[in-house]
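Scrolling down, you'll hit the structures one after another.
In the two complexes that follow, subunit A is the common piece, with subunit B as its partner first and subunit C second.
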Partner chain A sequence: MDALLDIRALSVSYRARSGAVHAVDRASFTVPAGSVVGLVGESGCGKTTLARAVMGVMPASAQVSGDALLFQGVDLLKLSPRERRRLAWTKLAFIPQTAMSALDPVYRVGAQIAEVLVERGGFSRTAARARAEELFAMVGIDRARLAEYPHQFSGGMRQRASIAIALALEPALVLADEPVTALDVIVQRQVLDVLKDLQARLGLSVVLVTHDISVVAYACDRVVVMYAGRVVESGTAEEVLERPRHPYTMGLTNAFPDLAGAAHTLVPIAGHPPALDYPPPGCRFAPRCPFAQERCRTLDPSTEDAAGHVAVCWRAEEAELLRIQAARVETWAAMG
Partner chain B sequence: MSAVPLLDVTDLAKHFPAPRRLADIARGHRPTVKAVDGISFRIGPRETVGIVGESGCGKTTTGRLVLRLVPPTAGHIRFEGVDVASLRDDALKAFRRRAQLVFQNPFDALNPRLSVRDSLAEPLRNQGLPRPEWDARIALAMQRVRLPDLARYLDRFPHELSGGQLQRVVLARAIILEPHLLVADEPVSMLDVSVRAGILNLMREARDTLGLAALYISHDLALIRYVCDRTIVMYLGRIVEDGPTEEVVRNPRHPYTRALVAAVPVPRVAQSRAPLPIRGNVPDAREPPSGCRFRDRCPQAMPRCAAEDPPLRDVGNRVLAACHLL
Partner chain C sequence: MAATAEALSVIASRPGGLRRVLRLATSDGFALAGTLIYLVLILVAIFADQIATHDPTQILFGARGRIARNLPISFDHLLGTTHGGRDIFSQLVMGSRSAVTIGLTAAFFVVLIGTLLGLVSGYFGGWIDAIVMRFADIVLGLPFLPFVIVLSALSRPGTVTIVFAVAVLLWPNTARVIRSQVLSLRERSYVEAARVTGCSTARIIFVHIAPGILPLSFTYGSIAVGWAILTEASASFLGFGDPRVISWGGMLQDAFSSQALSRGAWNWFVPPGLCIVLVVLAGFFISRGYEEILFPKLRD
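Right, the complex of A and B next:
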């Protein structure tokens, strides 16, 4: 497996009044070249922070450290801020959740794309205009609309335009932060299809940050599940979603309604994630986990790798049995 | 559906003035958006009905009209046989007690300066319920939303509660007056998946045990399917389909419903990735197409669809749909 991105024990902490907040704690996973990886978890799990740390766009109060952050074999953690900035947008690109934060309301959309091409890609004005038209054609927007302002675009079109901007300089990796969350379901599907299609045609890798496991199931080859700042499970989408080995992933899949399947009873996970300034010792999910044992509450769980399906859980080898138990409401209700 | 509907909505419309563009001003034209444009439906006692549709379809406006939070442009809403528009004074107060709203965002729904106890007592005071009953009513409501540990929760303030606990308190406040109808607009959209499941289960329990009717409004068909007996699909201010939820989900009749059902991703890797049976984008609500409003996006549109507005009619299996093809 050829890893385009290899994240090894990456941590991000913020200084806060109460001390350090460990938003991401020793996260490790790889993004193979030409794949779509879903980075999934609930609010505050660190998924957006992790994506931003890879992109190198972090507030000054954030401290990023780790064993390595290898992109095309180069350790990004060892680069100077200047070298880092040069990589951003040319090799790595970012699609934010709301396109309005990528687009400036006072400039025409075409001018904004041209700006990226000229300033960062060294295009001439004429070449930039031609490339902007090509990019709009790629994301399925009529090139006449390059002359319009962002507010004249619908939500789906704005998100397509921010995909166009992200792809302008032919990056190898696109980090997309909840790119379809704010969109209606039909538009969401259309934008995901544009992104998937371009990813396949251009041989890109995409990290899709989302809270929605059905979006992951639809669009991703691989999945990384985060909980309370840590990666708890990773593997192919099929392995992780159909045969989860971590109780949190089991909980997430059982809590999610499935429109195409039988109307099974949803299984809630009682409690809420821990505060990241004082995380519990041992496994961070232990306080909500119906399967937690003494060692789970005291020792950091072991990383169990079964042919590339990684679960960070002391009981991962019992996963098949735990999955059956986790599907029952009573199993989790006892935790409330 | 029962012979005597709890809620009977007929030819309901709500038009809002739209922002005037330069061309409108030049022509002296005052454009309107027909947010809701002639819809009729009924909700029986104990029936749970969902309205689903995309942004701008009129679902939120419908909920606000039903609760008399905004006046209709045309049409009637009868609640327990009485026209809601005619209600005054005591009758209006009684309506406010019987038809309750569940707010979308639990983080905004409660007064941050009131404890849980005071938030729950407020509607009891407003409705003039005898004070000796308050504690018992508060305890009962908290029990129904599965927060039975009163000592733990009643003296807390909203900022001391998690999103899931807050939404339970919001729900307790809505059911404390034992309403006959609950209207909830996107009741779980602000919550994380693991917490959302608990609230959805509560909504189901409310349906099964409290004997109230409910109107749930959401963009999320999977959520509507989970809690609603019947589903109404709206598109550009109109109802395009109305039927038993499983029928609507499993065997959608209207071409728009078919596209909507096909667009919902499911949490399994094996799923259809076929192109959606729909074209283009939602048109400008100020100038909807003539005839069927869905026709310019419909893969099966015929000349008749531009000429004639299809009425909502019975297409079998208790399903109503508005389409010339059916």
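Right, the complex of A and C next:
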């Protein structure tokens, strides 16, 4: 499989009064063409920042650096803002977290789809009109509603409309930042189905940013787990969710109910992610990790690659054993 | 400015847009009253030549060659004549022209300068914002009437001076309010969404942010119309107006200096005063109605 997006040691820091905040620290992963990659982690672990850095939309206080950010073989970090703007939306599209408010309240939804088509895609007004109807049909909204304003749409419809806008110019990669977080589970399912179906039909790649493991399990081919600005584990969804090799991923999968499997006690991970202006030395998860050893607290963990299933943990080799312990409530309770 | 024109044309080209604007203008009593006053004012200003019964500057003579001064209301002179023997009704009608010209041009410049500086200042922030806002603070500190008087004394008193003074002195109010609204709008997700799509900065400002502050621009525009007419009236009343142009303020000054008040010649000083009050009020009435027309969400 060819990597459509290849992120190599990408770092993003924000200038703050207290000093630099390292929101993303040397994150590396790839997005193969035609796949759905889930980017998971707790709030504030750098998922959204990473997605924005790929889009190239950052506040002035942000500093992006890294070895390479290859998209279709082109290093985006080396492009000028003008060249990046040209790529935006035609090749790389974005589905925002707050589709509720991502639509401009003073224009009709149809006009907003047409705006992207005309301004960015070079469509004529009439062609844009036809394409907008086609897009609405794709995401399952009646075309008569193109003439309505965003406030007349329900949350799920607005989210589907923003998917329609993202797909308008047939991009190769869509970054979806928590696209279903604000929706109830039934609508979540509908929106994810639309996204999955279109992804398969159009052969595009999707990076799905979420904090919801069940969304990853339902929609993703591959998973990238982030913690405190670093990628801690990545691999195929099945591998990572069934046989996690990093204690944080073990904790995450424990903290969500399993509808298909037997009922089990949900085990929370005690504590909070560290502040990113002064991160702890060594493994950043060590202060919350029940399996942490001396070396975890002082030395950066090694990257263990087992046939594409990458874990950044000193004890990745012992994962088999740790998984059994991690499934017990007592293991994590001792940390609290 | 092409983008702003586009944004406006988008609003205008919506199906049933004009009908909805008309419906809204008539559904709100205040807006309707304001619109009617403006309509009458503009029509009178356009057809002033036809409506006026006499040449407003001509000194009229009665029988036996005497100046027809201080005549009461009659069919011949609808509002009587002045101390100088001129027809008051004709002066009132011609005075609407300077009111419309000064009011609209001054309001146009106030809105243009205030909106542009407010948008730029609010959107870019940083040192641009600091410069514009400190400059606005300085201008706000200038006393209004003394500034107009000094300006009139230094240059040729007249319409251009008044419009210039109003535009220079009133933009900070508009710019400040619009800037504060832009500060909020620029953080909205739809602005960020536009940025992600690769939208240019100019397009974000004029197509996505400007419509959100247009109602404010209109409100401050209609207030500026009133202010401009008041300023002109004040300056003319104090004798700093253009002596060759007939205006309502100039009429009041003429009436005042001819002791029309002590003689109880209400037919001379009440009509221009009333006209000024009505036009200023109409501006405020209309600004109330604009908001709904421009904010789709307020309609339902």
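A few remarks follow.
Criterion: the second predicted complex is superposed on the first by the 334 of 336 C-alpha atoms of A that agree within 3 Å, B and C clash if a C-alpha of one lies under 4 Å from a C-alpha of the other, contacts with A are read in each partner's own complex, and residues count from 1 in each chain.
Criterion: a contact is a pair of C-beta atoms (placed from the backbone, for glycine too) under 8 Å apart; a residue touches a chain by one contact, two chains touch by 3 or more.
Everything quoted here is computed from the prediction, not taken from an experiment.
After superposition onto subunit A, the partners subunit B and subunit C occupy separate space and fit alongside each other. Applying the stated contact rule after C-alpha superposition, one finds that A:111 touches subunit C and leaves subunit B untouched. Of the two partner chains placed around the shared chain by superposition, subunit B is the only one that A:269 touches, whereas subunit C remains out of contact.
Annotation for subunit A, partner touching more residues between subunit B and subunit C: B.
In the superposed three-chain arrangement, the CA centre of subunit A forms the vertex of an angle with the CA centres of subunit B and subunit C, and that angle is 80 degrees when rounded to a multiple of 10. In the overlay built on the shared chain, the residue A:80 is in contact with neither subunit B nor subunit C. Once the two complexes are laid over each other on the shared chain, residue contacts for A:18 go to neither subunit B nor subunit C. In the superposition on chain A, A:120 makes contact with subunit C only, not with subunit B. With chain A used as the common frame, the shortest Cα distance separating subunit B from subunit C works out to 6 Å. On subunit A, the positions that touch subunit B within their shared complex are 42-43, 154-157, 184-190, 192-193, 211-218, 237-238, 241-242, 251-261, 263, 265-270, 272, 329, 336.
Residues 10, 14-15, 188-190, 192-200, 203, 207-208, 211-212, 294-297, 300 of subunit C are the ones that touch subunit A when the two sit in their complex. Against subunit C, the residues of subunit A that register as touching in their complex are 55, 57, 85-90, 93-94, 96-98, 100-108, 111, 115-116, 119-120, 147, 149, 151, 162, 165. Subunit B contributes residues 54-55, 146, 162-164, 192-198, 200-201, 219-223, 225-226, 246, 249, 259-261, 263-269, 271, 273, 275-276, 278, 281-282 to its touches with subunit A in the complex.
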